[in-house]
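The letters A, B, C and D name the chains in turn, as written, and every chain counts its residues from 1.
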Amino acid sequence: MPGVDRSYARHFAVRSAAARPAGTSLQSRSPWSRATALPAGLKTNLRVAYAFSGPCLDLEDFEFDAIDSLEADAERAAYGALASLKLVRIRSAGQRTIVRVKGVEIGGDRFVVMAGPCAVESERQVMETAEAVARAGARVLRGGGFKPRTSPYNFQGLGLEGLKLLRKAGDAFGLPVISEAMSDSQVELVAEYADIIQVGTRSMENAALLATLGRCSRPVLLKRGMVASVEELLQAAEVLLANGNPHVILCERGIRTLGKLTRNTCDIVAVPLLHQLTHLPVIVDPSHATGRRSLVPALARAAVAIGAEGLLVEVHPSPKTALSDAAQSLAIPEFRRMMHRLEPYLKLWSEEHALDETAAPAARR
Amino acid sequence: MPGVDRSYARHFAVRSAAARPAGTSLQSRSPWSRATALPAGLKTNLRVAYAFSGPCLDLEDFEFDAIDSLEADAERAAYGALASLKLVRIRSAGQRTIVRVKGVEIGGDRFVVMAGPCAVESERQVMETAEAVARAGARVLRGGGFKPRTSPYNFQGLGLEGLKLLRKAGDAFGLPVISEAMSDSQVELVAEYADIIQVGTRSMENAALLATLGRCSRPVLLKRGMVASVEELLQAAEVLLANGNPHVILCERGIRTLGKLTRNTCDIVAVPLLHQLTHLPVIVDPSHATGRRSLVPALARAAVAIGAEGLLVEVHPSPKTALSDAAQSLAIPEFRRMMHRLEPYLKLWSEEHALDETAAPAARR
Amino acid sequence: MPGVDRSYARHFAVRSAAARPAGTSLQSRSPWSRATALPAGLKTNLRVAYAFSGPCLDLEDFEFDAIDSLEADAERAAYGALASLKLVRIRSAGQRTIVRVKGVEIGGDRFVVMAGPCAVESERQVMETAEAVARAGARVLRGGGFKPRTSPYNFQGLGLEGLKLLRKAGDAFGLPVISEAMSDSQVELVAEYADIIQVGTRSMENAALLATLGRCSRPVLLKRGMVASVEELLQAAEVLLANGNPHVILCERGIRTLGKLTRNTCDIVAVPLLHQLTHLPVIVDPSHATGRRSLVPALARAAVAIGAEGLLVEVHPSPKTALSDAAQSLAIPEFRRMMHRLEPYLKLWSEEHALDETAAPAARR
Amino acid sequence: MPGVDRSYARHFAVRSAAARPAGTSLQSRSPWSRATALPAGLKTNLRVAYAFSGPCLDLEDFEFDAIDSLEADAERAAYGALASLKLVRIRSAGQRTIVRVKGVEIGGDRFVVMAGPCAVESERQVMETAEAVARAGARVLRGGGFKPRTSPYNFQGLGLEGLKLLRKAGDAFGLPVISEAMSDSQVELVAEYADIIQVGTRSMENAALLATLGRCSRPVLLKRGMVASVEELLQAAEVLLANGNPHVILCERGIRTLGKLTRNTCDIVAVPLLHQLTHLPVIVDPSHATGRRSLVPALARAAVAIGAEGLLVEVHPSPKTALSDAAQSLAIPEFRRMMHRLEPYLKLWSEEHALDETAAPAARR
């Protein structure tokens, strides 16, 4: 249906179902026969809802009570958007997924900084970066072997050789490593070397890749698509979970808008919004979100303050000569300064996090 | 309400109302009391619809029958979007507004080309252009006196002097003239000299300007806002009609998207979509929609083929030296060639238009 | 570099190079050493251009003369955008790629309509559709085996079985067939059954898929990404050509914008713009571009009028029960009416096309 | 010129000028004659730059040195974008505008919270809100008399009566007041009652309104247009300053993107970006940026952490019954909780601010 906002169609279907008189039931799989026990008016409404939402509408899923007040509505609307998302949506305020990888917990009690070069370029580059970011407090090493580039004539990454160097650097400095797989046919290879597999922004809707990663045991970091809505990000995560992989981290990395002075527009409000909607951890990539190193530390602060579970930051020993993302990579001293300046904000983060866990589990979100 | 698609909320409200059992009625102004005669389930649905659509929802307006088929749905959805638009929406296939100005009919039996310079720069410029476009078949002369510019240091138009020159040129060659008013405080002055008053893309949401133009007797050409939806364009038109001015022409002039090779993206499908929704005539501005003279003639052809009622085209005797919109203004010989090449398409347009009027009035739209 | 418009950086580099004094040359691969023979001022300019455009800038490629007038500028800007696109860009007005598949020429003397169901659902459905569209004048049969769906709980297509049924239907009615491959790992299978392989809008930036299709001998129909610019569409096509496959058809299928009444916004001006930039044929998909069957015929007319080489249209024997894209699929009688009404426009298309071929090869584009 | 990024054209012009050989000068106002002392190659480049940037390009303004490194480039690009913005751009790290109004300094040593109802609805509503927000720490009272509404049938505000009530409430609780003027013809009236005049998002490009406010002595709060870029926001501010009013506060209030779960997308990175570009203070409106009260406090925290100078927040004694913006208005206890929870972040804000003022004036920005 053209221009139909399916989430709200489902939302209305929820409410139609909620209005079902006591003693009736919705049994059959055929939506019209299902509705036979209902009064005529309501039947029409269900039919309308069905028309809008199609065969994937699962009415049995809807167990909301009648809506009591306008106040509750905005909240419900968001949940309604998740009607078809059985696995990623949050079901209670305390529910929360912690992704564990080699002793690091993403979504747990400590904020997690992942850092490293955009692309692995040489052993020296990745070793030097790994050592520096580990010392400054990063707990996961990032680095690309396979690079999705827009031009066939640009540097495409070192491939397998890059993955091996990343692995070596991570092992040398005690950091689990994260790297991107660009295709279902690459998953097995990347999974051999990386502890977390990244789905890049260009791949968020790559159904074959998502299905394969869903059947893989490695944690997945799922980056939001360049112009994907929050609902679409969650739908992509649902594919991973529905295929069997519960270890999913979401990543806000900026969306494409009309501005030209920054590479993307960071939708920072997506962080608390996702916390209202899903139990999965959410991190922010301030490097891609801004595209300019001078803006990365400020956005990192905001990400901590708004409650993200971590950061993914590009760091390079010599940004000027970086083969990709030169303008947005922090030099090592810049990364150190950023980490230092984040400290008081991380202290506030931890205090609020502890509060959530004990007295008021719902407060933080 | 955040992110709520009001049009579909209204759409559902329509359907809730349509489901009303025979013998009940919706009388009271208070939506909840209004619903007292309804069965419990339906009442909840109306309540939901109300929550979404707020106080402007006028249930009495809805007189749709129960929905018979999925096929009819897309059409109805569009009508639903217009629930709060009492005056601009089309009520029968034959209904159509013709805006008449000094013998020219926009929305009538003939396609209308409006042409002229972006800004009036000198008597010679506007006289030369007026003569040339009149000879080539244009029937309205355009030209800006007051120019909305993004920088305070750019050419701002000749103002009143420009309006006088435009008037003189129009009178000399028998063309009614169109020019822009940028503020409610300018309306009286512009109305003195121009036959049609243009609302520019930056002013589509200027409530004070729209209200003043609504109380004015001059026809108004309403340009779509840079990122306005079709619904919002119609809401702006509704303000004009609600204030008393029925002589409104809509203009698709491209919306701002991500592309950089053209100035805007022409949403050409808005033309037949608007024809489904409103009785007002719709014209296309291929100059602003593309920003490049080499693309103007191709888009003009498409606009004719898709059924627009007219064109608004920038023409300049010497585009290279134009003080504004240089790259998108056609030189006079280019305009002549464009008009010549449009001829067979205009012939098809007239044939289909004649067909609509007689045998199958709904077919065209 | 953040927010830098690389195409214009290249454009300026072009001009810096064009300004090279007679007798100097740009020989070395290192851009700075290359510039040693130049006067100081110009050297700085080249350096700036290099900073903006990076290692992929190939100065030898630029052989433009000094710019003579503002008038030529818009054209040149477009060519500048293609500086890194060695293979897809047009080099002379007459140059044009014709993609040939089983006697059908896309980009040749006749307009080509491709039609069929969104997804193959059953033998009866695809046979009935194939017969009907063939009779009505379609010359390629479309149909999806593998479907990229946003929800894991939606119909995902019949897969291999769907491809076999599509093949059977195409053979039965003498139509070559087109179907989508969603991943590099699917290419071999799809290539076995389909004559043209489609890259869907969600896959336009799937680097692994593009590289694999580039090494494949089947023609490829490349759909524009949901929010891809024209430059990005061409870059994706460049990947196909750079990997060895010259048989590429581009497809404008609408981009995602703010409107809600249509599924997408058809950027119809992309058709003549692409004709200025590339020698590849360009077709329009009015089904996805609108999402509403009632708007498909109008957009099809506009696509013919603006000079597209073909259409890709969804047709279903019973749209109401279609398992995907129900609202945008034409019923068979609707498709027939659309084809009938297109006839006079196709006649004009052919006349102009013939004109291009003989007297004025550059005129059409 | 179509699709041309003027800011970068100017940027290149800067660099062309920078490349000017010692001893030459650029004197004449005519760009071509101006270039006569230059070598041929450079002349062409200036000509190109001129073609791109038009008559408003003021070459004398450019006093950049030759570019030394890629590292400096991103920063320079941003400054380049401001080439035509003579008055709003920052000229030294220490330069900063402080807007003073009745003892409150926006852009000074203390973070400023402005709060109050979307629209003034009654004396009781505005008095109750004023008292509550003053006690909770707000220092400016907001409230709309004239409301820009999308539908002519929605509540349009109390007008003059609303302004009088707002004034009364502000005076009663010692708060300066801010209210919107929607048209140049309203400025005089609003200026009589309000201490700060707001330009709403729909009016950011209203040239007549900006010019009138520029000649007014009241401070102006300029909201970013719904889809305006940062450059365009600054251009609008330049109009105010160029007309004589230096008391301008910028306001990031979210831009319209594709998401549906929030009303807008807050471009929070615009805050530090604006701090790099302009000396004007920047505040954030978390109410319009999210459209959902449950997200307002989280965004407020992020705004403090990223260094904004203040907040503009909607508060209503009974959001359920608010006549406008019901879903995004905080109830009074919610506002109190938000202010309480902001305290530790405001302490960090002050520490960093004090640091900026003394040891490292450039560090903060």
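By our rule, contacts are C-beta pairs under 8 Å (C-beta built on N, C-alpha and C of every residue); 3 or more make two chains touch, one makes a residue touch a chain.
Small disclaimer: the values here were computed from a predicted structure and weren't measured.
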Of A-D and C-D, pair with higher C-beta contact tally: A-D
Repeat of interface A-C, chosen from A-B, B-C or B-D - more than half of residue-number contact pairs shared: B-D
Chain A and chain D: spacing of chain centres that average the CA atoms, whole Å: 31
Distance between the centres, which are taken as Cα means, of chain D and chain C, whole angstrom: 41
Junction residues of chain D, two or more chains touched: 1-5, 70, 73-74, 77, 227, 256, 258-262, 290, 292, 326-327
In the complex, chain D residues that touch chain B: 1-5, 54-56, 58, 84, 148-155, 182-186, 202-203, 205-209, 226-227, 232, 235, 238-239, 242-243, 256, 259-263, 290-292, 323, 326-328
Touch list for chain C against partner chain D, complex: 1-5, 8-9, 12, 15-16, 18-21, 38-42, 44-45, 47-48, 51-52, 66-67, 70, 73-74, 77, 256, 258
Interface residues, chain D side, partner chain A - complex: 5, 7, 69-71, 73-75, 77-78, 81, 227, 229-231, 255, 257-262, 265-273, 276, 289-290, 292-295, 298-299, 301-307, 319-320, 326-327, 344-345, 348
